[in-house]
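Heads up, the next two complexes both have chain A, just with different partners, chain B and then chain C.
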Partner chain A sequence: MMEMLLHPMILPITLPVVAGVVCLLLPRQLHKVRDIIAVGASAVTLLLALRLLVALRGGGLYTFAACPLVNLRLDALSGFVMVAIALFGVLSALYSLGYMAGRERLNEYYAYLLWTVGISCGAVLANHFLLLLIFWGMLGVTLYLMIGMGGSKASAAAKKTFIVIGGSDCLLMLGIAIAWHVTGRMLMDEVTLTMTRKLNVLAFLCFTVAALAKAGAMPFHSWVPDCGEKAPLSVSAFLPASLDKLLGIYLLARTMHGLFVASYALRVLLMLVGAATVMCAVMMALVQHDLRRLLAYHAVSQVGYMVLGIASGTAIGMAGGLFHMLNHAMYKSSLFMCAGSVERQAGTCDLDRLGGLGRAMPITFVSCLVAAMAISGVPPLNGFASKWMVYQGIIEAGNQSGPWVIWIVAAMFGSALTLASFVKILHAVFLRKPPAEAERRNVSEVGFSMWFPTAFLGLMCLVFGVFWKRLPYTFLVEPAVVGEVTIPGLWWGAPAALVLLAGIAAGLVIYALTTARKPRVCATYIGGELMEAADIPGEARSDSRDVEVSGVDFYRTIETMAPFRGFYAAARQKAFDIYDVGTKILFYFVDILRAAHTGLLPTYLTWLVAGMLFVVWWLVRAGGG
Partner chain B sequence: MMHLVPLFMAVPLAGAFLAALPNRRLPWLPDLLGNLAMTWLTVTALSMVGHSGLCAVGDWGYLGIVLRLDGLAVLMLIAINGIGLCATLFSVSYMDRYTARGRYYSLFLLMVAGMNGVVLTGDLFNLYVFMEIAAIASYALVAFGCQHEELEAAFKYAVLGSVASALILIAVAILYGLTGNLNMTAVAVRLAADTDQPATLLAVGLLLCGFALKAALVPFHAWLPDAHPSAPAPVSAMLSGVVIKALGIYVLCRLVFNVFGATAPLLLVLRTLGTVSMIVGVMLAIGQWDMKRLFAYHSISQIGYVALGIGLGTPLGIAGGLFHMVNHSVFKSLLFLNAGAVEYAAGTRDLKRLGGLRGQMPVTANTSLVASMSIAGIPPFNGFWSKLLIVMACIEAGQNWLAVAAIAVSLLTLASFLKVQRYAFFEAAKSALTGVKEVPVLMRTAMLILAALCILTSLAVLAGWREPLLIGWAADALRGGVFGGVQ
Partner chain C sequence: MNPAVIILKALIFPGLLFTAVLGLVTSWVDRFVTARVQMRVGPPFLQPFYDVAKLMIKETCVPAGGSTWLFLGAPLVGLSGVTLGALVVWSALLFGGRGFSGDVIVALYVLTLPAVGVILGSFASRNPLASLGGSREMKLLLSYELPLALAVLVPVMQSYAAVQSIRLADMATQLPVASVSGVLALVVAILCMQAKLTLVPFDAPEAETELTGGAYMEYSGPPLGLFKLTRAMMLVTMPLFLVTVFCGGLDVADGVLPALLGLLKVLGLVVVIVLIRNTAPRVRTDQAVRFFWGPVTLVALVAVGLGMMGL
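Presenting the complex of A and B:
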C-alpha cells in the first residue's frame, strides 16, 4: 500500500492532497508553517511533474494500474499539462501569501488550493473514464469553495459557476456512459468512436460541452466574468485564467484527437463556436469598466483561439491550440495578478477611479505591459507565436473545416480588438493623470511574494516568444501533438526580436534628435473624434482636462454604434447567458406546476383516482393485448 | 440468527410501551429507552449480514406469521434502524422544543416496529397490518407539534394514506379470493400458473397505486410536501429517509419482482412513474424557500430515480436503484437533521431570513455541504455512484431519453441545493442571527455520523467495484424472480 502511494505517478496527486489536509488541520497560530507547507508542497509537486516529463523524453509512455479503477497513463500531452498545472500552483500559492494576507479562513484557502493542484494532476493522468469523472467532479467542488472564499459578495458567482460546471459534469457522465455502452470499455486509450451512430454524436457533444464549459468558451462562458469579478483575484489568476483552461483544453484535445473521430459538420460547428467566442467576448471586454471583469472576458475570448486551433483538425493547428493554452495561462495569470496588486494597493479595480500607477508600481506596470502585448499577439511575444500557428492551422485545413476565411478574419479582428482594450487598461490604470481622489492615495509597489510571480510570468512570456521553437515547442508542445507537424510559415523569433529592438532604438534616436526639442501643438483628435473635456467622477469639467481621455469614455461610443447597439442591449439583458436564459425557461414551467398544487385535498384525491384509473387501464390493456 | 428476527418487531414494541408509561421522576428515561432500543436494533441488523432464511412465529396454520429474511430485507433493516439511531440521537436535544417526550419516543418506536415488520413479513395481510402500524404512527408524529399547519398536514396525510390503505386492503382481498392464500410465495406460485386474469390485473393495479402513494410517486405525491416538513426534524428525517422506502419502494419491488413477476408492462409503469416523479419533484423543489419543504420535494424526485433504476429491470439498474435508495436515506436524513439544527439554532428555516451560518455553525454547514453534494451526485460522495449506475443502466437498456432526463434532473438538483447553501450558509449574515451558536454535541454527533456515511458508502462501492457487496446481495434477492427468493 505504502509503495503504491509513493509511486512517482501517484505522488503528484497524493502529496498536495495530504499537504492540503495538513494545512486545514494546523492551528491558526502556526500560519507561517502553513505558508511554508503550501508553497513547499506545490513546489515539490512541480519537481515531481518535471521529473516525470523528463523521464518521458524520447516518446515514452508510462502506465500505472493498481486496480481496475485506478488506471493512470502518462503521455506527452498529460505530462505537459501536468507540469503547467504544478507551475501555476506554485506561483499562485506564492502570490496568495501576499494577496490574501490578513483574510479569514486562510487554512481552508490553502487546503483548497493544494487539493485543486492534486486533483487536477489526477484528472490529466486518469486513464479510466470513471477516475476522470471523479477528479473532474471534485474540481467543481474545489472551484466552488475557492470562489466562495470571496465572502458573501461572491456567493452568487460561486453558485452560478458550480451550476454551469456541475451541469457540464453531468453531461460528461452521460458521454462516458454512452462511450462505455458502445465500446464496452472503460479505459480511455482503448476507446475510439467514429460518428457512425447518433448515439456517438451525442457522446461527442457531451464530452465537448464538458471541455468547453470548463475552458469557458461560449455559450458556456457566463460563469467566467462573474467569477473573475467577485472571487479573490488570486483565485481568478489560478482557476479561470490558467487551470481551468489547461484542463478544458486538455479534455478537448483528448476528445478531438483520440477518443473521437470528429466529422466535418461537427468540426465546422466547433470552429463556429471558436470564432464566435473570440469575437463576442472581446466585444464585451471592450466596454467593461471593471478591470477584473474586462480581464475575465478576455479569458473567454482567448479560448476561441485554442478551440479554433484544435478543431481545425491539423497537426499544426493542434500544436498552436495547445501552445496558446500554455501561453494564455501565463499572460492571463500575470494580468490577473497585476489586477490583484493594483486592487490591493489602490483599493479599487474600477477603471474610472484609477490612474497614474505606472510611476508608483513600476514592476507591476512593466509586467502588465508585457502580458498585454502578449495577449494582443504583438511579436516577438509568446501570444504571437501561438496565434500564428493557429492561423497556419486554419489555413492548412482550408475547406476541410468550413469557410476558413471567416474563421481567420474573426481571429485576426479579435486580436486587434484585444489590443484596443488593453490600450484602454494600460492607459486607464497606469499612464493617464489620476483623478483627484486617486492622487490622495499613497500607492507603492507590492511586496516580493506578489511581484515575483507576476514578473516571472511576464518574463516567461518574453522568453517563450523569442525562443518559442527552442524551448516550449520542442520540449512540451510537439511531443503532445498527434501527427507530424509541418510549419509552413516559419517565424524566427530571436532575429525578429533584434530587428524590432533596433527599430525601437532608431525611433527613439529620431525622437530625441528632432521632435522632443520642438513639440507641435494642435487640437486633440482620437479615432477621428474631436475630444471634449473628459468626465471625471468627483470633479467638475474643466478645460484644463480637455486633452485627457478618461480611459473609458472613448470606448463607450462603440456601445451606441449602429450594428452593435442591439448586441450590447441584448447582452445587458443577459440574452447570451445560458444560465439566465435557462433559469427563465425553467421557471416558466415551474410556475405552471406550482399553480397546480393548490393545497386542496379534493384536488389531490382527484389526482389519486385519475392516476389509479390510468394504471389499471394500462395494465388491462397491456395484459389483454 | 433466525431466532432473533422476531425481536425486530418485539423490541421496539416493548420500548414503545415502556416509553409511554407515565413517569415524572425520570424525564430522561424515554430518551434512554429510545436510544438503547435503536442501538440494539442497529447492531443486530448489522449482524444479520450474510444470513437468510424463514422464521414461522406461532405455527397455527393460517394464523401464523411467516417472517422472511433475505438480502434485500437485511439491507432495509440496516437502513431503517441505522437512520433511526441517528434520529433518536438527534432527538435527545432537539425535542427540548416539544413536550410529551414519552409519547414521542413511543410513536417513534411504533413506526420503527411497523417498518421492520413490513420488511420482514412474508405474508400479504401481515404486510398490510404492519404498514398500518407504521403509517398511523407517522400520522400522529406529523401532527406532533399540534399547531395549525401540522394538524392540516397530518389530516391530508391521513386521508390520502387511508385511501391508499383501502386500495391495498381491497387488492389483498381480491388476491386471497383468487388464490386462497396470503403467503407471498404461495400467491406467487398460483399467479404464475394463471396470469392475465382481469381480476389479477385489477389487484396488481390497486397494489401498485396504493404503494406508489406510500412512496410518494407522482401523481400520488401530494401529501408529502405538507407532511414531511411539518413533523419534528428527526421524524422528517425518518419519513423522507426511510418510511417512504420501507412502506413504498421496498414493497413495490417485492411485489413486482418476487410476487407478480417482473413483466414488461409492470416495469414500464414503474419506470414511467419514476421518471415523472423525478422531473416534477425537482421542478417543484427549485422554487421553494422553506428548507424542509425544498428537501421534501427532493424526496419525490429522488424516489423517482430509485423507481426508474429498479423499473429498468436489468441487473445494473436494480443495483443502481437499490444503492440510490440506501444513499438517499443517508443524505436525505442528514439534510433534514441539518434543517432541524438550523431551526434549533436560528429559530427559522426560511431561506430568505437566514444567512452567514457558515461561520457560526461550521459542523452544520459542512455536513450539509456534504449532503448537498451527495444528493446532487458530485463525486466522491455516494449519490454520485448510484446516479452513475442508473445512467449507465439506462443507456445499457437502450433508454437514452431516460438517461438524458436523469442527467437533467441531476443538474436541477445541484442548482436547488446550491441555492440552499448560498442563502443559508454563504450569504452575508442577517442582523437577527448575530447570537446564533452551533447545536449541542449529540445533534452534532448524529450529523457527523451521517456525513461520514455519505463518504463511506461510496468507498464500499470502490472496494467491491465488480460485485457491490451488500447491494449485490440485495439485488440478487430481487432478480431471483418469483421462485428465487427464500422458499
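Presenting the complex of A and C:
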C-alpha cells in the first residue's frame, strides 16, 4: 500500500492533498510552518511533475493501474498540463503569503489551494472516465470553497459558479454515460467516437460544454466575471486565470483530438463559439470601470483564441491553442497579481479612484506593462507567438474550417480591442495624475513574496515569446500535439527581438549623445491652465482639478454608438448570462406552480378530490381494458 | 542566421538608416506637393533632414510627475517597431526567397508598434491633453484595424489560391489590383493608411488647433526628433507595404528600370495620400470610428466576398 502511494505517478496527487490536510489541522500559532508547507509542498509537486515529464521524454513509465478504477496514464499532453498546474500552484502559494496575510481562515485557504493542485494533477492523469469525473467534480467543490474565501460578498458568485460548473459536470457525466453505452469501455485511451450516430454527436456536445464551461468560454462564461470581481485576487489569478483554463482546454483538446473525431459542422460551430467569445468578451472588457471585472472579461475573451486554434483541426492550430493556453495562464496570472498588489496597497480596484502608481510601484507597473503588451499580442512577446500559430492553423485549414476569413478577422480585431482596454488600465492605474483622495494615500511597492511571482511571470512572457521555438514549443507543446506539426513557416522570434533591440539601442545611443542624457524637468503645459497647485512666482495659486482625465471613459464614444448601445444595454440586462437567463426561465415555471399554492384549504381539497377522481377513473379504465 | 548580419541589416540596410533616409525624402515629397497645392514654392530638398538634426541639439524636457523612463522609452518603441516592419517588407522585396509563411501578419502587427509608442508616450506625459490625444490614437487604431485586416486578406486569399503561399515575397509576384476585389481592397487600405499615418482628415490625435499637439504635446528635442523620424519612416513603409501586397512589389530582380518603376508606384501612393490630406478637413474621432466601421468595412467585406468568388 505504502509503495503504491509513493508511486511517481500517484505522488503528485497525494502529496499536495496530504499537505493540505496538514495545513488544515495545524494550530493557528504555527502559521509560519503552514506557509512553509504550502509553498514547499507545491514546489515539490512541481519537481515531481517535471521528473515525470523528463522520464516520459526518455521513454520511461507512463501508465499506472492499481485497480480498474485507479487507472492513470501519462502522455505528453497531460505531462505538459501537469507541469503548468504545479508551476502556477507554487507561484500562487507564494503570492498568497503576502496577499492573504492578515485574513481569516488561512489554514482552510492553503488547504483548498493544495487540494486543488493535487486534484487537478489527478484530473489530467486520470485515464478512467469515472476517475476523471470524480476529480472533475471535486474541482468544482474546491473552486466553490476558494471563491467563498472572499467572504459574504463572494457567496453569490461562489453559488453561481457552483451551479454553472456543476451543471456542466452533469453534462460531462451524461457524455461519459453515452460513450460507455456506445463503446462499452471506460478507459479514455480506448475510446474513439466518430460522428456517425446522433448519440455520438450528443456525447461530443456534452464533453465540449463541460470543457468550455470550465475554461469560461461563451455562453458559459458568466461565472468568470463575477468570480473575478468578488473572490480574492490570488484566487482569481490561480483558478479562472490559469488552472481552469489549463483544465478546460485540456479536456477540449482530449475531446477534439482523441475521444472524438469531430465533423466539419461541429468544428465550424466551435470556431463560431471561439470567434464570438473573442469579440463579445473583449467588447465587454472595454467599458468596465473595475480592474477586477475588466481582467476577468479578458480571461473569457482569450479562451476564444484557444478554441479557434484547437477547433481548426490542424496540428499547428492545436499547437497554437495549447501554447496560447500556457501563455494566457502566464500573463493573466501576472495581471491578476498586479491587480491584487494594487488593491492591497491602494485599497481599491476602482479605476476611477486609482492613478499615478507607476512611480510608487515600479516593479508592479513594469510587470503589468509587459503582461498587458503580451495579452494584446504585441511582438515579440509570447501572446504574439501563439496567436500567430493559431492564425497559421486557421489559414492552413482554409475552407475546411468554414468561413475562415471571419475567424481571422475576429481574432486580429480582438487583439486591437484587447490593446485598447489594457491601454486604459495602464493609464488609469499607473500613469495618470491621481485623484485628490488617492494622492493622500502613501502607497509603496509590495513585498518580495508578492512582486516576485508577478515579475517572474512577466519575464517568462518575454522569454517564451523570444525563444518560443527553443523552449516551450519543443519541450512542452509539440510533443503534446496529435499528429505531425508541419509549420509552413516560423515566426522568427529571436531574430525579430534582435532587430527590435538594435532599434532600441540605436535610439539609446542617440539619447546618450544628445541632451536627452540630462533632461530638464518642467511643469506640464495644458494651454495655460494649471493642473495642480503649484507655486509660480507672480501667479496666484490655483487648484484646477477639473482638467483631470481618468481614462475610464476613453471608449464612451464606442459605448454610445448605434449598434453597440443596444449590445451594452442588453448586457447590462444580463441577456447574455446563461445563469441569469436560466434562473429567469426556472422561476417562470416555478411561479406557475406557485400559483397553485394559495394556502387556501378548500382549493387544496378540491385538487385532492379531483386527483382522487382521476386515479379512480384511470384504474377503472385500466381494469375495464 | 548570423546575428551580426541581422544587426547590420536592421541598423543600416535595408533597416533603420536606409528607411530613415528614404522616409525623410518622402516627407520632403509630402511637403513639396503640399506647397504646390497651396501655391507655395516649398522647402529645399534637405529641409526634413535639417529639421530632425535641429531637434537633436535642442534641450530635452520631461514633464514633472510623469514616468520619465516610459516618456523617453516610448519613442524607442515606435522607432524599433517601424525598423522591424520595414525590414520585414524590404527583405521580401530585395532578397527574394527570404521571409517566412505568414510574415504578412507579422508586418501588420509590427506596424502597429509606432502607434503603441505614441500612446504610451502620451500617457507617460501625465498631461490631460496628451491623454486625450493618446486615447484618440487608440480609438483610431481600433477603427482602421478592422477594415485593414479585411482588405489585406483579399490579396492573402488570392496569393494562397494561386501559389499556396502567404509569404510577402510570393505575394509580391501577384497582382491583386488587376481584379475588382483587389481594387476595392486597395482603396480601403489607402484610407486605412491615411489613418495609420494620422494624416488629415484623421489627425485628431495631434489636432494642433484643439489639443496643441495632443499626443506629442510634452515632447521636445531628441525624443520628439525620434517620433518625427518614426513618422517619416512610416510614411514610406506603409505605401511600400501596400505596393508589396496589392501592386506586385518592386521587381528588383528584373533590373534597374522595373525597380524604379516600382518605386514610382510607391511615390504614386504617397502623392495620393498627400492630396487627400490637403483637400479634406479633420473629422472628429467618433466620425472616424463610424466611417471605418461603417462604409469602409462594408466595402472591405464586399471585396472579401468578391475575392472568395475569384473576381
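As a working rule, the second predicted complex is superposed on the first by the 546 of 625 C-alpha atoms of A that agree within 3 Å, B and C clash if a C-alpha of one lies under 4 Å from a C-alpha of the other, contacts with A are read in each partner's own complex, and residues count from 1 in each chain.
Rule of thumb we're sticking to: a contact is a pair of C-beta atoms (placed from the backbone, for glycine too) under 8 Å apart; a residue touches a chain by one contact, two chains touch by 3 or more.
This structure is a prediction, so every number in the text was calculated from the model and none was measured.
Participant: Taking the superposition as given, does A:Trp492 touch the first partner, chain B, the second, chain C, both, or neither?
Facilitator: Only chain C is touched by A:Trp492; chain B is not.
Participant: So, A:Gly140: does it touch chain B (first), chain C (second), both, or neither?
Facilitator: So A:Gly140 only meets chain B here.
Participant: For A:Ala610, using the defined touch cut-off, is the partner it touches chain B, chain C, both, or neither? Pick first, second, both or neither.
Facilitator: first
Participant: I'd like to know which partner A:Gly166 touches here: chain B for first, chain C for second, both or neither.
Facilitator: After superposing on A, A:Gly166 lies in contact with chain B but is clear of chain C.
Participant: After lining up the shared chain so the two structures overlap, which partner does A:Cys67 touch, if you call chain B first and chain C second: first, second, both or neither?
Facilitator: A:Cys67: touches chain B, not chain C.
Participant: Does any part of chain A touch chain B in one structure and chain C in the other, and if so which residues?
Facilitator: none
Participant: For chain C, which residues count as touching chain A in their complex?
Facilitator: Residue list for chain C touching chain A: 1, 3, 6-7, 9-11, 15-16, 56-68, 70, 72, 75-77, 79-81, 83-84, 87, 99-103, 105-106, 108-110, 112-113, 116, 119-120, 123-129, 131-132, 134-135, 138-139, 141-142, 145-146, 149-150, 153, 156-157, 160, 166-167, 212, 217-218, 221-223, 225-226, 285-286, 289-290, 304, 308.
Participant: Where on chain B is chain A touching in the complex?
Facilitator: 155-156, 159-160, 163-164, 167, 195-196, 198, 201-202, 204-206, 208-209, 212-213, 219-220, 222-223, 225-226, 264-266, 268-269, 280, 283-284, 286-287, 355-356, 373, 376-380, 384, 387-388, 391-392, 394-396, 400, 403-404, 407-408, 410-412, 414-415, 418-419, 421-422, 426-429, 462, 465-466
Participant: Quick check on the complex: what are the chain A residues that touch chain C?
Facilitator: That would be residues 356, 358-359, 365, 369, 373, 377-379, 384, 388, 391-392, 395, 398, 405, 408-409, 412-413, 415-417, 419-420, 423, 426-427, 430-433, 488-492, 495-496, 498-504, 506-508, 510-511, 514-516, 518-527, 531, 547-549, 551, 554-555, 557-558, 561 of chain A.
Participant: Using the touch definition from the top, list the residues of chain A that touch chain B in their complex.
Facilitator: Per the touch definition, chain A meets chain B at residues 67-69, 130, 133-135, 137-138, 140-141, 144, 148, 151-153, 155-156, 158-159, 162-163, 166-167, 169-171, 173-174, 177-178, 180-181, 199, 202, 586-587, 589-591, 593-594, 597, 599, 601, 603-605, 607-608, 610-612, 615-616, 618-620, 622-624.
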